[in-house]
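Two complexes, one shared chain (subunit A), two partners (subunit B, subunit C).
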Partner chain A sequence: MEPVHIDAKGLHYTPLNQQIRRAVSEGATEIIVDNVLGQRFIADGLKGEVTIRINGVPGGDLGMFMNGPTCIVKGNCDHAPGNTMDSGKIVIHGSAGDAVAHSMRGGKVFVRDDIGYRGGIHMKEYGEDHKPILVIGDNACSFLGEYMAGGIIIVLGKSDNTFGGRGVGSGIHGGEIILRGELKERQLGVGAKITEFTEEDLEKISPYIEEFCGSFEIDPEKYLDTKYTKIVASSSRPFAGKYVWE
Partner chain B sequence: MSLGSVPLKYRIQIDRQQCMQCMRCVYNCSYGVFREEDDGNILIDSRKCTACHRCISMCPRDAINLSEHPVDYRSHPLWTPQAREDVINQSRSGRIVLAGMGNAKDYPIIYDRLVLDACQVTNPSIDPLREPMELRTYLGQKPSKLDIRKQENGEIKLNTKLSPNLELQTPIMIGHMSYGAISLNAQLSLAKAAAKTGTYMGTGEGGLHKDIYPYQDNVIVQVASGRFGVDINYLDRGAAIEIKIGQGAKPGIGGHLPGEKVCTDVSCTRMIPAGSDAISPAPHHDIYSIEDLAQLVRGLKEATEWKKPVFVKIAAVHNVAAVAAGIARSSADAVVIDGFRGGTGAAPKVFRDNVGIPIEAAIASVDQKLNDQGIRNKVSVIASGGIRNSADIAKSIALGADAVYIGTAALISMGCRVCGNCYRGLCPWGIATQREDLVSRLDPEVESEHVANLIKSWTLELSELMGAAGINSIESLRGNRSRLRGYMLDEGTLDVLQVKPVGA
Partner chain C sequence: MCGIIGVIDRQKQKMNGSGIKEALSLMNERGSGEGAGYAAYGIYPDFEDCYALHIFFDNLVEPKSKVDDIIQKWGRVVHQEEIPTKEQPNLKRSHVPWRYFFKPYTDLMTGSLTPDEDIVKYLVMEINSSTIEGALVFSSGKNMGVFKAAGWPEDVANFYKIDEYEGYIWLAHNRYPTNTPGWWGGAHPFNLLNWSVVHNGEITSYGTNQRYVESNGYQCTMYTDTEVVAYLFDLLGRHHELPSEIIVKAMAPPFWDEIDEMNDKERELNKAIRLTYGPALMNGPFAIVVATHDGIVGFTDRIKLRPLVVGEHGSRLYISSEEAAIRTMDPQVEDIHMPGAGEPVIGRVVT
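Showing the complex of A and B:
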């Protein structure tokens, strides 16, 4: 089937999403949305096997509750792309705002450049097929991976800027945060700890790095070594020990 | 030096002359109070008792006696036994004290200082047996005006686009108690009861188990800060969606379900790994302002194609009215206010007993604020937190609520005795537990009937109360504060409630 073209110029998000849903229900496998400018909730709650090419800058909560589709954004994103997403993929050719992949339960979010604060907050995994992956090409801000309960966050630092944020993984009780380069203890949040990044870890994340680099035509070679810091939960019960019963 | 032990909370005694040694108490007590000795004697360990009353209710001979605080402290009005024991507990542990069920402090109960009106001579009362009483309630946005046009062919056409509303046959709904906090059988009983009585029950933040799917048309699905169990199918199944911002029992803080309660089934429903703590952060980390809240409200509506009402639940706190006014402008369809007596499986005691305001005052101030701003029609107001009977409901509605959520009362109708030990996961009534043998004690067929009976009887009483007041529609009771009087309430409170004192 030919790709479906939608012109989003001056269009409110509800009619835009209605057009997308209609195209998907009519069997479209590729939808090209041009002139996107701040429309929120694109592909919100959308199900199916479809690729949506978004040309422009979408508003917040792109791919919220999404289950299956792939969104490829040629531009930056506002806050929380991939919010509570279940499965599917979001590829951002640019940067994104705060709370990227908030509570994401499955699927992948790839951001070529930078993200704002609270990236991957409360990401969680469950079962065999729900393991969210957030890969950031360059850098992230503070409070990365807070309350994380599963999945993997990878920060590649492609411009060699060191990660300067703090509060990494506060309240983390599952999953892994993998940062290129070093991280100081004082940058960690409560309940997070640094462990060694091993060859096994590299083996585990290599496919994601390769897939990420493939999406942006970046040479993955440079990133396939063990120069990473791995941050995990110091306990899967971060609040045990804080309370006593009456 | 050790601090020694504190006195017993309860003493259990068996009248050995009455006892027939049937051992039902031994079998029924999940806390291990009773032990059968080799010689058939029953040993009692009163220290383990939680006053859940399971043994007492099962004993065929009424042989068991329970006394509270069997050991006296030196009496002192300030240093109550509780105050002393909390200090001792915290000196030992250095931790935050957790406690179960709702606010246990002896604050005055405003409901009990409000009286309802009835007709005499002038405006005659109505007999609900003879006259139809309208208790049907619609929750959701109402248009500020209707555009009705007569067409050429004489037919009347409504041009105003109506927002989706929930239709309730009674203004009583069952509040959010999650699978995990309560058992599946307990949830199933509530869902069946809601379906039987034409009302709704809330899932809480625990996802929607597939066994509840058959009742999904009577289920309100909750989206809380942990986003547990939330995916598009979950949102699609619910009759309405409720965003939980706060809870009356613990305003301002998140929740956390301890790992030991997260069994495989609970884990699948919540969509989290088994055995790990289920942590709900204090705020939603995509909501830091009213604008952000509006974003989530619209995000949920957009995901479900604007077909369902979205509620927002907040704890009743000091500035509840201003927050509710913000919510009314966020495209939400109802605001749920949970008063400081709201129940909970577990909350830090200092929060449970000290944070938030009573629901009665919160309803009145929210209703007043929304009226003052001319936006009362934009949201329905649902009240919860400590509603014990139909009079509390009538008073809530007269103060300005559209409907109420009941929680603890629904649990009591399934056996709960408000022992406050839900957090231990050993509820002998099969409610607040995941232990299979205990859960199987609760038969959803039977208990749903009990819950439905409770809702039916309260609905009957409501219509009687309304009839006596000469009111034949719940709409006419709503916000009708002239039908309330305050008895021994101070002037400040009367002013907030906008209620006159008795005799005035």
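Showing the complex of A and C:
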């Protein structure tokens, strides 16, 4: 089937999403949406094997509750792309705002450049196939992985700027945050700790790095070593006894 | 939620209000139709030496004659008129917006280094603190004005014919009231003298900040937190003559553990600001843009609980809740970035 073209110029997100859903229900496997500017909730709750190419700057909550599709954005994203996403993939050729991959429960979000504050907040994993992956090509800000309960966040730091944020993994009780380079103890949030990044860890994340680099035509070679810091929960129940005494 | 956008042309080239209206309307999702407003600088060149007092009157009988009385005791009204408006089907006219172009008699205020500004401030506080029922001053700067009402961004803009004003600085705000009701006086921008403020978020330290400004002669009367920011800027910026960078450091300071890591000089400065201006520290989630005659400054709370995006294009600097709003005003915008928590973004007029 030929790709379906949609011109989003001046279009509110409701008719835009209706057009996308209609195309998917008619069997489209590729949808190209041009002139996107600020429309929120694109592809929200959408199911199916479809690739949506979004040209422009979408509004917040791109791909929220999405289950299956791939969204490729040529431009920056606003807040929370991949919010509570179930499965599928979001590839952002640019940067994204705060709370990227908010409460994400499966699938992948790849951001070529930077993300704002609270990336991966409340990310969670369960079962065999719900393990969300967030990869950031350059840098992230404070409170990365806040209240994180599962999944993996990888920050590649391509411009070699060191991570300057604070509160990394604040309230984390599951999952892993993997930052390229060093991290100081004082940059950790409450309940988070630094552990050694091992060869086994590298083996585990290599496929994600390769897939990420493939999406943006970057050579993965320079990222395939152990120069990372791994941040995990300080114990399996870091907040036991905080609100009740056992 | 709430949507904000501000723009300055640093070479003072003027823009009409159509662009910012469109940009604000793009963020309709951030509002609830219960408040929107605009501030523009450089719009009254024919009266540039006068304070433009914008007042909501409940009617033009008692409240207006009382206001006429008090302001004519304190100065001369050079010109006055109803602010031109055009009825909008979805906007209920709750007040009559009026404007006076006013010159205070400076010899009437003793013991002040800035008697004209202090007279205007006194009049604003006096009229707004309910001594005159049915009158509210919502804008009091020179060669600038605020236009606001309870309604959607586009309706409010069309009501005030925003397209017909030409300014080199514009602020705009789309309100989603959460803690207090939406009403004309509670819409943003909030203004005192030349300071105008648009704000997304809430200031949970309001009680402390309110006590601080009220002990310095201001009165909070708008039933919402944002007005305190305008008074803090007037107190710290005009009275204490602090530059914007320092005012922002007082309102959204670095954490103590960050101050401990600084070099000696920086540490001393930051400690001094925190100790001197503790009651000006603002907690809670906020993204704010403040304008005055010579520039705009945007900043967020120190743990970045609200969005702020910056874009530049030639002499123009844009600060907004969303990149898409900036691109609506200026598709050719360059250097889009997000400032860090508490980091001031400043655009100054260069002349």
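Everything below uses one rule, namely that the second predicted complex is superposed on the first by the 242 of 246 C-alpha atoms of A that agree within 3 Å, B and C clash if a C-alpha of one lies under 4 Å from a C-alpha of the other, contacts with A are read in each partner's own complex, and residues count from 1 in each chain.
Assume a contact is a pair of C-beta atoms (placed from the backbone, for glycine too) under 8 Å apart; a residue touches a chain by one contact, two chains touch by 3 or more.
Computed from a predicted structure; not experimentally measured.
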{"item": "Which of subunit B and subunit C A:H79 touches, first, second, both or neither", "value": "both"}
{"item": "Which superposed partner A:G127 touches (first subunit B, second subunit C, both, neither)", "value": "first"}
{"item": "Of subunit B and subunit C, the chain that contacts the larger number of subunit A residues", "value": "B"}
{"item": "Partner chain(s) touched by A:G116 [first = subunit B, second = subunit C, both, neither]", "value": "second"}
{"item": "Partner chain in contact with A:S142 - subunit B first, subunit C second, else both or neither", "value": "second"}
{"item": "Subunit B versus subunit C as contact partner of A:G38, first or second or both or neither", "value": "second"}
{"item": "First, second, both or neither for A:G10, with subunit B first and subunit C second", "value": "neither"}
{"item": "First (subunit B), second (subunit C), both or neither touched by A:V244", "value": "first"}
{"item": "Set intersection of subunit A contacts, subunit C complex versus subunit B complex", "value": "40, 79, 118"}
{"item": "Touching residues (chain side subunit B, partner subunit A) in the complex", "value": "86, 89-90, 92-93, 95-100, 225-227, 230-233, 235-236, 256, 258-259, 267-268, 271-273, 275-277, 279, 281, 285-286, 295, 298-299, 302-306, 348-349, 420, 423-424"}
{"item": "Of subunit C, residues touching subunit A in the complex", "value": "26-27, 29, 255, 257-258, 261, 303-304, 307, 309, 322-325, 327-328, 336, 338, 340-341"}
{"item": "Subunit C-touching residues of subunit A, taken from the complex the two chains share", "value": "37-38, 40, 57-59, 76, 78-79, 95, 97-98, 114, 116-118, 141-143, 166-167, 186"}
{"item": "Complex interface listing, subunit A residues touching subunit B", "value": "13-14, 17, 21, 40-41, 44-45, 47, 60-61, 64-67, 79-80, 83-84, 86, 99, 102-103, 105, 118, 121-122, 124-127, 130, 146-147, 149-150, 171, 173-174, 236-246"}
